[in-house]
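The same subunit A turns up in both complexes below, where it pairs with subunit B and then with subunit C.
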Partner chain A sequence: MTPGRRRARRARWLEFLWMTAPAVIVILLFVEIPFVMSVTYSFTKWNGLNRAVRFIGLANYKELLTNDPSFVSAMIFTLLFAVLTVAAINVFALLLAVILDMKIRGKNVLRAAFYIPNIISLIVIGYVWRFIFSRGFDSLGSLTHLGIFQLSWLGDTHLTFVSVVLVSVWQSIGFYMVIYIAGLQTVPRELVEAAVIDGTRPVSRFFRVTLPLIMPSVTVAVFYSVSNALKTFDVIFSLTFGGPGTATTSIALDIYKTAFSDDRFGYGSAKSVILFLLILVVTVTQLNAFKRREVQA
Partner chain B sequence: MKRYLLVAAFVVLGAALVAGQGKTIKVFFYSPELTDQYNEMAKEYQAETGNTLDITVNQPDYRTLLAAKFNSGDIPDVFMSSAYSDNVNYQDYVYDLTNEDFVKQLEPTALLGVTVNGHITGYPFLVQSHSFIYNKQVFADAGITTLPRTVGEYDAVARKLQAKGIQPFATGYKEWWVLPQTAWQVLAPIKDSFGGDYANFVDKLNSGALKFKDIKEMSTVFDVLDLIKKYGGPKPMESDFNDQCSLLATGKAGMIHQGNWAEDSILKTNPSAMIGFLPGPVGNSAAKAGIMFDSNQTIRIAKDGANRQAALDWLRWLTTSPYGKAWIPDKIKQMSPIIGAKAPAAQLAQATAGMLKAKVPSYPWYYQRFPAGTEQALGIILQGYCAGQTTREQTLDALDASYTKIMNASK
Partner chain C sequence: MRKPRGAPAISLLMAVLALAYIYPLILVAINSLKTFAQIMENVMAFPSQLRWENFANAFTLMRYPNLFLNTLIVTCMGTAGVVLLASLAGFKLSRTKTRISWLIFLLCVAPMMIPFHSFMIALVKVAKTLHLTNSIWGLGVVYWGLGVPLSLFMYHGFAKTVPTELDDCAAIDGARPLRAFFQVTFPLLQPVTVSVIVINAMWMWNDFLLPLLILSGSKKSQTLQLAAYNFFGLYKIEWQNAMAGVLLTVMPAIIFYLILQRHIIKGMVAGAVKG
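Right, the complex of A and B next:
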């Protein structure tokens, strides 16, 4: 390499560095440094309040893996919740997207209507649904005498699971619908028309032509929904607070309770490191699996 | 241009003058139901002394927010906490009030909960009581004249109310803090097995020498929780504090387990509601049925607050000035810990006073001695029991496991 070319390369590097510096600094300050700090805290015993922080090595992780039934039950809940919500969200969002991508009247209004829950704060949504499930269903129940409204949607340990899944799906479906609509609009019309001329039926046309072409959207939507489901917190926090008992306590809520109610900050940090690793493994596996199925038009 | 600069200079000068007139004391409180009373008191204090109280009120995440404030250095001059175990919890941050003149104006019994090794770590704010609250009109209409005292008598009253088409209890099982209050009241006479000393009882729990599963009275605790659930309406697990207050106020429910802080909400729903306390059942012994009576809510002065002296002056004003002395009984309508304070014109406060006079047993809030963090953790376990998530045996094991974990973590 000649000195001139080396200098040009260094200049390009410097330019790259200072152009990205603002973003890098912000991310370092608000994401990376707190992350490293929380990993550090996971090796300590600290109640989040006292000035004394004690280093205890791997003791937190040992307790977490051998002696914590509440974390295990939160883990089971979260995985079940993730499987159900990811499947429901993606199937229904894709269905909605296909319908709202057709030439139907009022589709823009409908798209907006389905998207609106997504821009409301999750905490507010939790409280609104809490009201609907208790007061709203009470009134409907006394009006219609239908058994479905007289069930205890937030009080029964099994039914609350359904309520939490329903509200989460309802809330996030609009966002994924938009991703799928964007994907559908990239499908070349001539390919679809060619398939029509070849005499394919609509259903097989969707699965043979459209779906393979929108695999990039599927990859993105599944990735987001998986990582959001594993981190789920806000809706449960305001809808059930993990209750009754621990019936709907997700890993994130369990971390919150450990750190802020049991006053075990170090231990809570250890749990959040484990959650981070879990999300990392699941999403990387999912991305690799889905990327392989993407095709070019 | 010059004129604008002049105007700007005047604005800055004016702002500085206004700010310089008095100190601004940063206050962080809970109990949002008292927000109006807090603000009225702050207004009066500013009018009398020129000092401003900048009060922030929060309830559900109070502890979390307070910890965040301490850790980030945004220390409030005045904050709140429970008594007992919180004395130790916030020891790095509180100012020792032992040598302040105004604490001598407070009832010595109210100071017990905030005293550690002879040091007064906080200022008892309110004297409160909790037990079963009943709607007098509902009881009269159902022809109930003898008030229940034992689990059996409560059961009989509940059946009588239900026969009249009235929901006997409104539960607070949706809240994690109502369940432990109910449960630990049933357990209150336990001190008799420990030489009358709750410290001794809690020490045994803390050291692991005593387990919940070895306490035979725990079966009565479960009996009472079951009883409330059985007669607690169609959705007992969804009913919260607001439901309790409104159902009792409107006469749709006969009894709730709550404290005197519920009176305000009850009367807001129905200003003519007639309510009173019942001695809480502790098993079959009518003589031991009593009321939980203590000063738990504590005002604390931050050691490192920027306006510590101003905050102390405010507490002195609250204890000695005519307005300050009358504030709790007249405005908050609860019992004041100040010696010689007048009795509030509130039904539940008067019911408490009447029961104390009639020598109905009163028990302190001994469960506040449990390590910090257990209140919510144990409350959630009891909630799981009521929802049918765990059996009695599993619940006892879970209580022991959780208590031990939090105890070990706090060492």
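Right, the complex of A and C next:
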């Protein structure tokens, strides 16, 4: 190789290096190295402060699977929460999207109204609803004398679960509505018109023509709602802080409490690894199952 | 196409529904202008006279200007860093067709499958070691690592649609690579840049858990969301100040949304569909 060629090759390599290295470094430092560290910590007993980190093998995993009622209850809560919110979010968001994709007056203002809760931080949303559930429902109750406003929405174990689901769904519908509207706009008009001419009824037209064509949007929306539901944290942090008792403690909140309140960093890390695996398995399964149902127009 | 029957009725029904949907937020606004006694008496009634001093109270009690500035610094610094690092690397990785480049690309986007909560414990440890905790600037730097993967993925995908002839032109002109990138390539990536800015800015402005973990030891360096949480805890009983505080906290995001509505919707959809 001539020296000129070699120099050019070196220059190209250097350019590649300085353009990609900064991104690689921050990703390694703030995501991938911490992730590998978490997996390593999960096999240790460590309080986060001591220098002494003791290797204890699979003891953390054994404890959380066999001897930790709070983790089991967090697991059950999170899965139930995910099933309910994912179903509710996608059904209502799709319904709203279909209606707001029609030719109706003021649809842009209406879309904005449903989207607004989504731009407010979850921590504030939780607080706003604490106000609504306590003061707001008090007033509504004395005004309407309806029983539902006199219940203890943040005190009763079962009702608090419903409240957390309700607030989470309320906050996120707008986002998924927007994804579905984007999907509906890709449906070719000719196909829908052909179905109209064929005399297909609106409802079966939706299920036979529209829905199969927007399956890619359904896949994406379900994927995001599932993975967000399994990671839920902020709303619960400010609405109930996992209470009453541990009734609404999600896995993410349980990890936070284990590590930063109980100072059990090794044990908390084991829980984080479980959360990672759970989300990975569930979302990969979901993506595979849904991708198979996507059709071409 | 046939005119939809009953459209005005649907429109009206949806308007009522939308109003009911945001009624909790309307209640917040109404009650931020009442006295404490009025709130306790009836939440739904309109204030007999507007008490703007609630906002003045919240403004000083929260040390709002300070928090606003802190959050703005974190958001701008975080977003700018993500745009810069992700566009450079995403573009270059998309243009370089070698196996090494493909492996680095995979390394860069793998974090999209790693939930934040599964490495936050060790992240705090890393941030402490690097002296990035309890500092607004440190928080901004940590956001780079968390934000780059999705943004890099979006740049990488979009760069394929930008014709390579333009890079060559810049090279023949003898422009230095850095200048060529910023003068020729970066402007061409603008549609993604808008989405990347929107996604990252909205996320960083509203994020709670990372600031909580990184800034927990410092009273001085707090973000709006973090301080809002503490503020509400302290003034639990003084609903009127708390409601004014809620509005002050969410206003910047809502104004940002109303101004850039179209870009935000497009950016959010792009981020979701491509991510």
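Everything that follows uses one rule, which is that the second predicted complex is superposed on the first by the 271 of 297 C-alpha atoms of A that agree within 3 Å, B and C clash if a C-alpha of one lies under 4 Å from a C-alpha of the other, contacts with A are read in each partner's own complex, and residues count from 1 in each chain.
The rule is short, and it goes like this: a residue touches a chain if its C-beta (ideal position, glycine included) is under 8 Å from a C-beta of that chain, and two chains touch if they have at least 3 such contacts.
Treat the numbers as computed from the prediction; the structure is a model and nothing was measured.
In the superposed three-chain model, the partner touching more residues of subunit A is C, compared with the other of subunit B and subunit C. In the superposition on chain A, contact is made by A:48 with both subunit B and subunit C.
By the touch criterion defined above, A:245 lies against subunit B but remains apart from subunit C after alignment on the C-alpha atoms of chain A. Taken together, the two complexes place residues 48, 260 of subunit A in contact with subunit B and also with subunit C. Touching subunit B in their complex are the following residues of subunit A: 45, 47-51, 69, 133-134, 150, 152-157, 241-247, 257, 260-264, 267.
Only residues 61, 63-64, 67, 70-71, 89-90, 92, 173-174, 176, 234-238, 372-373, 376-377, 380-381, 383-390, 398, 401, 405-406, 409-410 of subunit B touch subunit A when the two sit together in their complex.
Within the complex formed with subunit A, the subunit C residues making contact are 1-2, 4, 7-8, 10-11, 14-15, 18-19, 21-22, 24-25, 27-28, 31, 39-40, 42-44, 81, 84-86, 88-93, 96, 101, 104, 107-108, 110-111, 113-123, 125-127, 130, 141-142, 144-146, 148-149, 152, 177, 181, 202, 205-209, 213, 225, 228-229, 232, 239, 242-243, 246, 249-250, 253-254, 256-257, 261, 264-265, 268-269, 272-273. Subunit A makes touch with subunit C in their complex at residues 15-16, 19-20, 22-24, 26-35, 37-38, 41, 48, 99-100, 102-106, 109-110, 112-117, 119-124, 127-129, 131-132, 135-136, 138-140, 143, 170, 175, 178-179, 182, 189, 193, 196, 217, 220-221, 224, 227, 230-231, 233-234, 237-238, 251-252, 255-256, 259-260, 265, 268-269, 272-273, 275-276, 279-280.
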